[in-house]
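Below: one structure, written as structure tokens.
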Amino acid sequence: MTEENIKYNAPTEVREIEVLNSYELEKEAGKIVPKGGYDYISGGAGDEFTLKQNTKVWNKKGILPRVLADVEHPDPSTSILGHDIRAPFIMAPIAAHGLAHESKEAGTARGIAEFGTIMSISAYSGAKFEEIEKGLDGGPRWFQIYMSKDDELNKNILDEAKADGATAIILTADSTVSGNREKDQFNKFVYPFGMPIVSRYLTGSGKNMSLNNIYSQSKQKITPADVRFLKEYSDLPVFVKGIQSPEDAVLAIGAGADGIWVSNHGGRQLDGAPGSFAMLESISKAVAGRVPIVFDSGVRRGEHIFKALASGADIVALGRPILYGLALGGWKGVYSVLNYFDEDFKRVMQLAGTQTIEDVKNTNLVDLN
Amino acid sequence: MTEENIKYNAPTEVREIEVLNSYELEKEAGKIVPKGGYDYISGGAGDEFTLKQNTKVWNKKGILPRVLADVEHPDPSTSILGHDIRAPFIMAPIAAHGLAHESKEAGTARGIAEFGTIMSISAYSGAKFEEIEKGLDGGPRWFQIYMSKDDELNKNILDEAKADGATAIILTADSTVSGNREKDQFNKFVYPFGMPIVSRYLTGSGKNMSLNNIYSQSKQKITPADVRFLKEYSDLPVFVKGIQSPEDAVLAIGAGADGIWVSNHGGRQLDGAPGSFAMLESISKAVAGRVPIVFDSGVRRGEHIFKALASGADIVALGRPILYGLALGGWKGVYSVLNYFDEDFKRVMQLAGTQTIEDVKNTNLVDLN
Amino acid sequence: MTEENIKYNAPTEVREIEVLNSYELEKEAGKIVPKGGYDYISGGAGDEFTLKQNTKVWNKKGILPRVLADVEHPDPSTSILGHDIRAPFIMAPIAAHGLAHESKEAGTARGIAEFGTIMSISAYSGAKFEEIEKGLDGGPRWFQIYMSKDDELNKNILDEAKADGATAIILTADSTVSGNREKDQFNKFVYPFGMPIVSRYLTGSGKNMSLNNIYSQSKQKITPADVRFLKEYSDLPVFVKGIQSPEDAVLAIGAGADGIWVSNHGGRQLDGAPGSFAMLESISKAVAGRVPIVFDSGVRRGEHIFKALASGADIVALGRPILYGLALGGWKGVYSVLNYFDEDFKRVMQLAGTQTIEDVKNTNLVDLN
Amino acid sequence: MTEENIKYNAPTEVREIEVLNSYELEKEAGKIVPKGGYDYISGGAGDEFTLKQNTKVWNKKGILPRVLADVEHPDPSTSILGHDIRAPFIMAPIAAHGLAHESKEAGTARGIAEFGTIMSISAYSGAKFEEIEKGLDGGPRWFQIYMSKDDELNKNILDEAKADGATAIILTADSTVSGNREKDQFNKFVYPFGMPIVSRYLTGSGKNMSLNNIYSQSKQKITPADVRFLKEYSDLPVFVKGIQSPEDAVLAIGAGADGIWVSNHGGRQLDGAPGSFAMLESISKAVAGRVPIVFDSGVRRGEHIFKALASGADIVALGRPILYGLALGGWKGVYSVLNYFDEDFKRVMQLAGTQTIEDVKNTNLVDLN
């Protein structure tokens, strides 16, 4: 147990924030989130090659401005798995929001619910389901699971998530061990609070444990049978998250996946992998419309949302920028960030001559280099 | 209304200037133009990816030096829509020249007329037609329109422009909402003076209004029917400005456009778009000589003019460099900048072995990478 | 003889070290190894273009994260030429370990042996075979030869190496003269101690001699006949080291080589050459499984080991990072570095969905750019 | 006439110099050559894009290290137009050596002659033929001509060059006007001394005149007829210098050229052109061995000489590095630089497995990117 964890002081302010762009948000958050937590949130694996590629690869494809397109007040609303959402983005599952703000996941949940989209609750949440519900207040939620090696405990977790109202299960499959998070190693980072959802299968609460330690206590041998198990036991649709190849998309669908979640875990797992967006188009072709596709890893602007949808995603999930909003303004900060993305995306829709999400998805991007 | 607008002090000096290159001009202008105005003029949208691409893409194509070519005193004169001009470049339509110099559009117009090329008058001009005429003094002019949602007001504006002597209408079609100008947002920039031409359809004069606000009061749903309307009502040739795809060039010509204006609005509208020059060749192929092509966005050197013409443009339009000349020396500064481009372009013509504009247009560039 | 050589003070500490990554190791070593020695070890030839390419080229190929792969506790063990080794990496032959640590090659050898892989002993070792044996303690070893112009002396050296227990001969063929090591020239670097194995053919012990001088006294005209000679006289398998083209791989195999060692000498010889990894795949195709392939030059991370094996290498050889470990912690530092690579590589195996080295070798990388 | 010209103090020292590499030479020269002269020598046109490309393009092609090649003491000697030279490089024609050293062209000539290669004498030399002969002392020389608009004066110049012993004429055809040398404009650079060879056709001696002014007084309309005129009148072989396209190579040969000189004038003329080496291979294919090819622009290392020869050049011409040697050490400095290139090139020959210039020319380079 390090000194720093004893006195981890997460930000506490609740206020609307002005969002110039996501990169400024990151800088601002870096000024108020304690270093251990900030490095954990913002950092990636290894050389951070993949982390950097996640934002650089957007520049490989250009959006052409379109004219004489008869567009006004474009409509960004869409639906996924039966949920109507205001805009084609949802909250990505992220561990330990309490590192960003004392309101923890409840703060994020409230911002998400007020805006009108879907909350993903991480199995590594620092808050309990009932605490998060205080923010979500009946809003739609999906539950992301890191599996225990013991399926009885997994059933136990699924029961709880389902009782809480989760309408889908997200199986994170790209993290059977922790990525090489050098910043965390350098900081000797351990979580300053516990993880009540998975503590049932940890040798402790999660508090003062490293991510390495926690991942190693979770299940490594994840297989197609796990997808089937989750689906059958929960009777909920299951996303397989962490898909970065057409082969794995096909494998997951073959195992019964109801959705493909394209992600490289925000560059936090296998460094040396391509930027996530670089793989989207080929995965989308392999999926061929059989199940919906969620995209994450590197979404920082409205242009990125547009490019992801034009390349085969149905919606995107936002991660770090939301957590920076949480850090800077609690639930109101989250709300501000979501509004920023909404405004930014609608502007792109207008300038690209697209009235609806269907129009966006039918847009051809142009290759840059 | 911010403090800064109250005391906006535009430069006032009138003098010939030495032009080393456009980049130095920009730096020099940055020293004397108030920050809000300078950032407005020089800035682009979002990451400024497209703004930077506009100048970087020139390096994708090389001009081969040619020898034994029997060239001396190359002739840069050309003509467009019946106007004979000294050199294949004209003034691009730009809003609010008063940000750069107290002489406003009249200063620019005088420099343009003295040099001997065409002035584009922006609908967002800060000067009235009769004020600009003082500088233009009978010289050729085209009128660029941002349309009102009310066609009766559009007719009114067209009447006035035609009475002023405009010989063509430029329909800017890439700006149905404002681009994401982060610098303006950061500066909370509003115009320090009104816009007399479009004030008839604004809720105010334009003074102390943001670009966002003004664009949103202009027409969003621009369609091929608007091209036909402008053409029929004005009985003037119509350019569609903001073309960045072969598809839109074909669409515009189908709607009756008399000229295609290839532009991404100087990187100020849709960020994430390619550099404008990257799209020119494919657009030119689609146009196939049916109507003339004007090119803008990123022209900073004689080499760039040469490359644009060799890739299908008939003439180019110059924007920011002219405004920097205006800032630094009023109409004489504009004249100096035009002479710089003229000299620079003729040197390139000589070294590339081309005697006439026709020779330039028949030159093959070489792919670089 | 320069002042610096008189008082060359190699590091002496023996301790386990924490390894964040190889680049930090290099920086740390740079703080304690005397400048002449550090520049000699870390530097490359000419512009250091090839040196830098050696690490940059890894980013031309991406490893795709794989999911649902049923992997746990991946097994990195493999075997080469009859030796079972814990992990697919061995020690590369490097001259003059005494520049890094007072324990010289004996320190490296002990770390290698304790970990459980193969030591390559350089002909330009600063320690004698019997001194190195004190560290190796019976562990497996290969002997790397720089040939004398006099084959009788070569026989003499081979006799000694064989008596010492070498189970393979590595013929370094890419260094018939010294590369253009500008840092060494700038430092006027000479070795501060002798080279007992090759001193029999030098005009002196090697002490206070430059690399240029030593190379020029070694054999330049190396031919296929030398491969045959080494093989026949020693009755040991012979690697040809320094292969960077399919043509030379075929040539070496035709001359009887039992193994191909792909290397550009860590960017220390011919600058302007490609990064070593850039040539591996085509060489591997030419070798077509006839003999094993060892890869070196630029291996700094577990991801690199993975990429090399997936591109045709059977094992990799580690050079500079081991010497930095030696500098920082003697044999224990070497051991720490080997453990770092072992852990890092196993993590990559897990995240890439590979249980065995055979799985790694069957993995398809993805092209990046 | 500026103050600076009045007191231009060229370096005067005569000494052997240590050459680490050409880039260091440039830096060292920058410390002692007056700024106006240094900027003139080192600078390029416009953005210096082409200047930088001249050295960057080398990295598009790699030299593969070769092994088992049976090479020792490689032989760099070759011959061109009947001259046997020690190494495949000669002096490029450069104006006004007096900017670098008080010994002017005579200093360069002595270094060249002592080494044993060919001197190119520029028409814009600051020394007279008889002064240069003092250094050259009977050594081989070619004469580079900038033509007068008056052919009688051209005859006069040719007579003088021939009387001086020139064995070839180099027609510089890429400079019918001056490139856009921004540094010279900024410095308001004028030559601090006259040009005795061409002063017969200038309105003055050349002293206190700008390059722009001098070029404009030379001939612009250079045509194939000029090649024939030079050849017939002088009865000497004629190189056309400044070829950057296969088309112009064919044109020059058709006009009777006895050699093709591939050059973009060191990036000093048409900016936006490719790096000179990028065009060599296609030009060489068009020449198809009919006449010899000299290559210049960007040669800074032995590797570059190797790559140029392997891509079709017969010899290369060295420019700026020689002038830096002259600045730093007079004729002895020139000699040192030539020896550096000789040693560096022989090392590359050895490591690339090539015994003769013929072997170098038969080497296949590998594409990098």
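Structural remarks
In this document, chain identifiers A, B, C and D correspond to the written order of the chains, with residue numbering beginning at 1 in each.
Here is the rule we use: a contact is a pair of C-beta atoms (placed from the backbone, for glycine too) under 8 Å apart; a residue touches a chain by one contact, two chains touch by 3 or more.
Just so we're clear, the structure is a prediction, and the values are computed from it rather than from any experiment.
Of all the chains, the one whose CA centre sits at the greatest distance from that of chain C is B.
In summary, the pair chain C and chain D forms a contact in which the copies contribute largely different residue numbers, shared numbers making up under half of all those used. With centres set at the average Cα position, the gap from chain A to chain D is 60 Å.
Chain centres here are Cα averages; for chain A and chain B they lie 42 Å apart. Among the residues of chain C, none is in touch with two or more other chains. Taken as a graph of touching chains, this assembly is arranged as a ring, one closed cycle with exactly two partners per chain. Per the contact rule defined earlier, chains pair up in contact as A-B, A-C, B-D, C-D.
Within the complex formed with chain C, the chain D residues making contact are 20-21, 58-59, 62-73, 301-303, 306-307, 344, 347-348, 350-352, 366, 368. For chain D in complex with chain B, the residues that touch the partner chain are 46-47, 49, 53, 173-174, 176-180, 182, 185-186, 220-224, 226-227, 240, 242-245, 247-248, 251-252, 255, 264-265, 269-274, 278-279.
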